[in-house]
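First subunit A sits with subunit B, and in the next complex the same chain sits with subunit C.
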Partner chain A sequence: MAGGKLIMPLAAAAPAQACDTSRGRRFRVRGTWLLLLAPIAAFDAILFLTPLGTLVSSSMQNQAYQRVLEDPLVIKSLINTFEISAVSTLVTIVSGYLLAWAIWRSSALTRVVLFALVLLPFWTGVLVKNFAWAVLLQDNGLVNDALQGLGFTDHPLTLLHNRFAVVLGMVHYLLPYAVFPIFAALAAIDNRLELAARSLGAGELSVFRRVILPLTVPGVSAAGLLVFIISTGFFITPVVLGGPGDQMIANQIDFYTMELTDFAGASALALVLTAIVSVLVAVYQRILRAGGAHEVG
Partner chain B sequence: MRSASSRFSPALLAAVPVFVFLVVPTAIVVPMAFNHSRYITFPPDRFSTDAVTGFFGDTAWISAVLASLQAAGIAVVLAVLLGGAAAVALHGRQFPGRSAVTGVILAPMIVPAVVLALAFYQFFNSVGLVGTILPIGLAHAVIATPYAFLTVRASLSGLNPALVRSAQSLGAGTPSVARFVYLPVIRPGLVAGALFAFSVSIDETVIALFLQSPSATTLPVKMFTDIQYNLTPKIAVSSAMLVTVATLGLLVQVLFMLRRRSIARMLPLTTVAADQTG
Partner chain C sequence: MTQPTTPISRRSILRTGAGAALAVPFAGSLLTSCSTKPASTAPANKTVTVTSYGGSYNDQLTKTILKPFEKKTGIRSTLLANTSLAALKTQVHSGDVQWDLVELTAPEYVQAVNEDLLEKFDYGIISDKGLPSYAKAEYGIKYLSFLFVMAWDQKHIPDGQAPKNWAQFFDQGKYPTKRSVYGQLSDSSVLEAARLAEGVPFDKIYPLDVDAALRYLAKHPGRDKLIYHTANQEPVQQLTSGEVTLSTSFNNRINAARKDGARLNFSSSNGVLAGDYFVVPKGSRNKEAAFRLMNFMSNDADAGADFDQTTNLTLANTPALAKLPPAVADTLPTSPKLADSILVRDDKWWAENLKATEQRFKLWQAGS
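Moving on to the complex of A and B:
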């Protein structure tokens, strides 16, 4: 967040330089890029950094942090957030690996089709997905009909408004975020390594276990962390697909704001969430750099 | 690229159900919009267009669509102008604090949506800017700008720096360089950025929920409120509309991928913590 201060002096310095410099041509080039940067500097300063500043100052009132962190409901939602995010991340990574593997093993044209299948849900908003899951999982929904039709059960199972539904909805949302980095890790593998392993007599399973899996570990851990980071901020899915016991930290922020109208408490909670996410993002970027992958931020 | 050595393997077979899981929820939404029943089920018992005509005759839903389009319009224009300009400004330029500047530009992607929602809620209340679609559009512009910045930055990676220098040595002024050197190179990035910005804004729910008022309720907010009480065909109609928008975005992206003959170039964008809260 400190970077905002850096932009402003740079942008503010632009007109001053126009008067000082006598080397016109050099200024023209320098001045242009600062003028291009000035609008976003002003915009982010007013509409991004100032609101965050409002949040920070609001959280300082009425011993908000202490109050919030002693609230059993907040503790419960923190535990929920951690548990639900961990389970969702695990399921997402395993199934995401399968998808990435299938795409990697496909021919060029099939690849585009399979990528499109992953990208369609990526472009679709969370409410559409949650709505579809709510319809599929309801008592007389397709999933229950299928389970009864196949003879797994003789009465409709309660699949909605519980943790199972939340994890299912979250995994569905998170899968594309796992597939892309894992695919990138797979695509980076020199396929001579696999040929060498095979020529030495390794079967499919041992090629995977001893060559490919170790080489994709950095990509997989980056993907896992990314997915976990996104999980911690979920708000809509726990409301639509979850029950009262599945509410996460974001829902608690909403509760403090809209129901309790305790803005200090809500702000404190929001900053706790931001702190957790910031630490995870820092670790994530460290992993990416260590793995020699592209920098994201 | 690997050669097409698609051997049969159990692992590939295991991926099939996961692909089905991924696609089915999106695919069922469109037929549900044509369900005859008042209660929503899949598959529909009988097809009819009642829900669609009902949707377009319902002023609450139509004003939600219009509110969403207005917010998205503000977000797209601001995101493309601000993000695009910033990407051009930072292109190939080294200076102290460069990574901090980039960090601030990209930061809105990383801050959880609910945190931004609360920050905007308090901020816009304190400056007295509430009750219209403007604060929602501005807030969406904040979260959409990083996308436009990244798409334009990605398209600039194809720009040969010698081109700018040779244009200048031939006497081209800044406007000519912008018009004839930069614009052709960044145009695909601007289009992709606009598309991403539109998609981010049209689906965004949490911030719009916090900033909503009776006169400024966006489509996802209306859907969110209605889903909690009743699953109705009108929600299916609006879902089908959003899926149509998503499909268009997807088609454009696939065209980009095919034209560049490289999927990898689109990957960095999608792997960034695109934190549109679920």
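Moving on to the complex of A and C:
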């Protein structure tokens, strides 16, 4: 029983395993299921594979890869992308865990309120959120006015157009993507496990460290992967909240497309990013699978 | 009723489909190609889709040119705000051309000609009687002249204490604030401004010493004191919201904001004179209408004078200049009264060096 619950968050993390439940049904509808896939396959072919093919063939022109990878600005943006994504993911996961924990531990009414606080920003457009932060953080914005009014500082602090603002804006956007999987993992824990731990003399910290945390590792990993992948594709937040030194790879793709009108270079860049993220995901899933097997075993 | 019926052939559907598929990799252009389909069902050459830079400028263009043109000829125009060479290039390459008349900066014009993206202008339809000699080109008309200027927020910097030249504009000791400058070099003369600030005379600016300009900016006002805008309406917002007190802008934008009651001002002295072209993308569906609009713009004296007066820009339309009261004519970017105090942007240099300089500038902004 407990074993099943252990696997649940893991199944949520790896969609491949979620298919296991439908495998039994497949034999009953033999052949038909393929037909059911036809519309989505056609949809994919037209809207995903065709443009991807165009992208690949476009990137093969004029030694685009060589040109792009020799551009120091691209190298800097690649480093920026992974630095910013790693920091944002870390901050999002830690604060997302705390938030999920608070929601999990609170009464029914508080839980509704807290969920609303997570969901409302989730439903708000990223551009709106970013510009709201820009207004709050500018030199004569609310935050700086408050800091000066309260006497913490006598001159406006530089809060905008730097990496701090980018990470802040990204975490604000990403938080729901971390809270939901982590909350799902927490909610799946059999509360008798905690009672058992307490009856054996474990304190609050010990229960967390030895029971709760290990059981939520798959949920946290899933959230981490999701958040990191979304992070690498951020475009508008570095534009609105970042400085020129915080531009990410998506901004370089935009620069190559719109300013340099070098479509081959932009295609090559897009594929470089796709390749790097794919490799990271593969490595990550390998680690995740090894970790998951260890948990269950 | 008498509308020519064009049977929708399988080929045209295929072509549209292929066009859409080609457009997908460029999400931005996909958006534009969706939003730019002219909604009207008017017969061919009774409609023209124009793209420009948006904001107050598009309002002025509609009021002074497009509406009177429609009244006179019955040709309806759709004015869009998302002009870009990249989108034009995508449209021409995919064969799905949605735009008829497109505004490009001078270096972009040269690039578009080199890449064979444009239709030749038909000077049989466009009378060149009203065209000044600098404006007439094979694949376009340099229809607009504007000034790149320094602008300030009058609430923080009264006109008496305003910068009189670029050296003062960049002087961190005189104005310990941030400055917003236009980040896209295709239109922005911020590097020229840095050279002028260093005391280089007008006739020695080109060929532009990019490294020297960047060295100057790194020292005055310093990299951390510069923020960059990418849209022409942005500096007006940044100045009125108090985010910055000094910014580069264009004379017409600040004028329009002043008319709307914003407490901003600018100085034409030390400005940089530059121009934009109107071009017709290769394969445009309404190119005849586009040429008729160009003819109207450069020869109709009333519309031209209204445009000059409203925008404070010079339209390539000599009959209009003659109709203007001297008080207005003297403030236009091309006024002989200003000639000694402004720099004329070297389009040829920029056409040859735009891409390399843009990459160099971006890299410098990022800290190297």
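The rule is simple: the second predicted complex is superposed on the first by the 232 of 297 C-alpha atoms of A that agree within 3 Å, B and C clash if a C-alpha of one lies under 4 Å from a C-alpha of the other, contacts with A are read in each partner's own complex, and residues count from 1 in each chain.
Rule of thumb we're sticking to: contacts are C-beta pairs under 8 Å (C-beta built on N, C-alpha and C of every residue); 3 or more make two chains touch, one makes a residue touch a chain.
Model, not experiment: these values are computed from the prediction.
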item: Partner chain(s) touched by A:Leu142 [first = subunit B, second = subunit C, both, neither]; value: first
item: First, second, both or neither for A:Leu47, with subunit B first and subunit C second; value: both
item: Partner chain(s) touched by A:Ala270 [first = subunit B, second = subunit C, both, neither]; value: both
item: Partner chain in contact with A:Leu200 - subunit B first, subunit C second, else both or neither; value: neither
item: Touching partner for A:Leu150 - first (subunit B), second (subunit C), both, neither; value: neither
item: Contacts of A:Glu259 with subunit B and subunit C, given as first, second, both or neither; value: second
item: Larger contact residue set on subunit A - subunit B or subunit C; value: B
item: Contacts of A:Asp71 with subunit B and subunit C, given as first, second, both or neither; value: second
item: Contacts of A:Thr158 with subunit B and subunit C, given as first, second, both or neither; value: second
item: Set of subunit A residues, in rising order, touched by both subunit B and subunit C; value: 47, 50-51, 54-55, 58, 135, 138, 140, 239, 254, 257, 263, 266-267, 270
item: Complex contact set, residues of subunit A against subunit B; value: 1-4, 6-7, 10, 28, 32-34, 36-37, 39-40, 43-44, 47-52, 54-55, 58, 95, 98-99, 101-102, 104-108, 110-112, 114-136, 138, 140-142, 169-170, 172-177, 180-181, 183-184, 187, 191, 204, 208, 226, 229-230, 232-237, 239-240, 250, 253-254, 257, 263, 266-267, 270-271, 273-274, 277-278, 281, 284, 294, 296-297
item: Of all residues in subunit B, those that touch subunit A in their complex; value: 1-2, 4-7, 9, 11-12, 14-15, 18-19, 21-26, 28-29, 32, 40-43, 78, 81-83, 85-86, 88-90, 93, 97, 100-116, 118-123, 126, 138-139, 141-142, 145, 174, 199, 202-206, 210, 220, 223-224, 227-228, 231, 235-236, 239, 242-243, 245-247, 249-250, 253-254, 257-258, 263-264, 267-268, 270-278
item: Residues of subunit A defined as touching subunit C within the complex; value: 46-47, 50-51, 54-55, 58, 71-73, 76, 135, 138-140, 158, 161, 239, 243-245, 247, 254-255, 257-263, 266-267, 270
item: Subunit C residues touching subunit A - in the complex, by the definition given at the top; value: 21-22, 24-26, 28, 84-86, 89-90, 111, 178, 184, 186, 224, 227-228, 230, 241-243, 355, 358-359, 362-363, 365-368
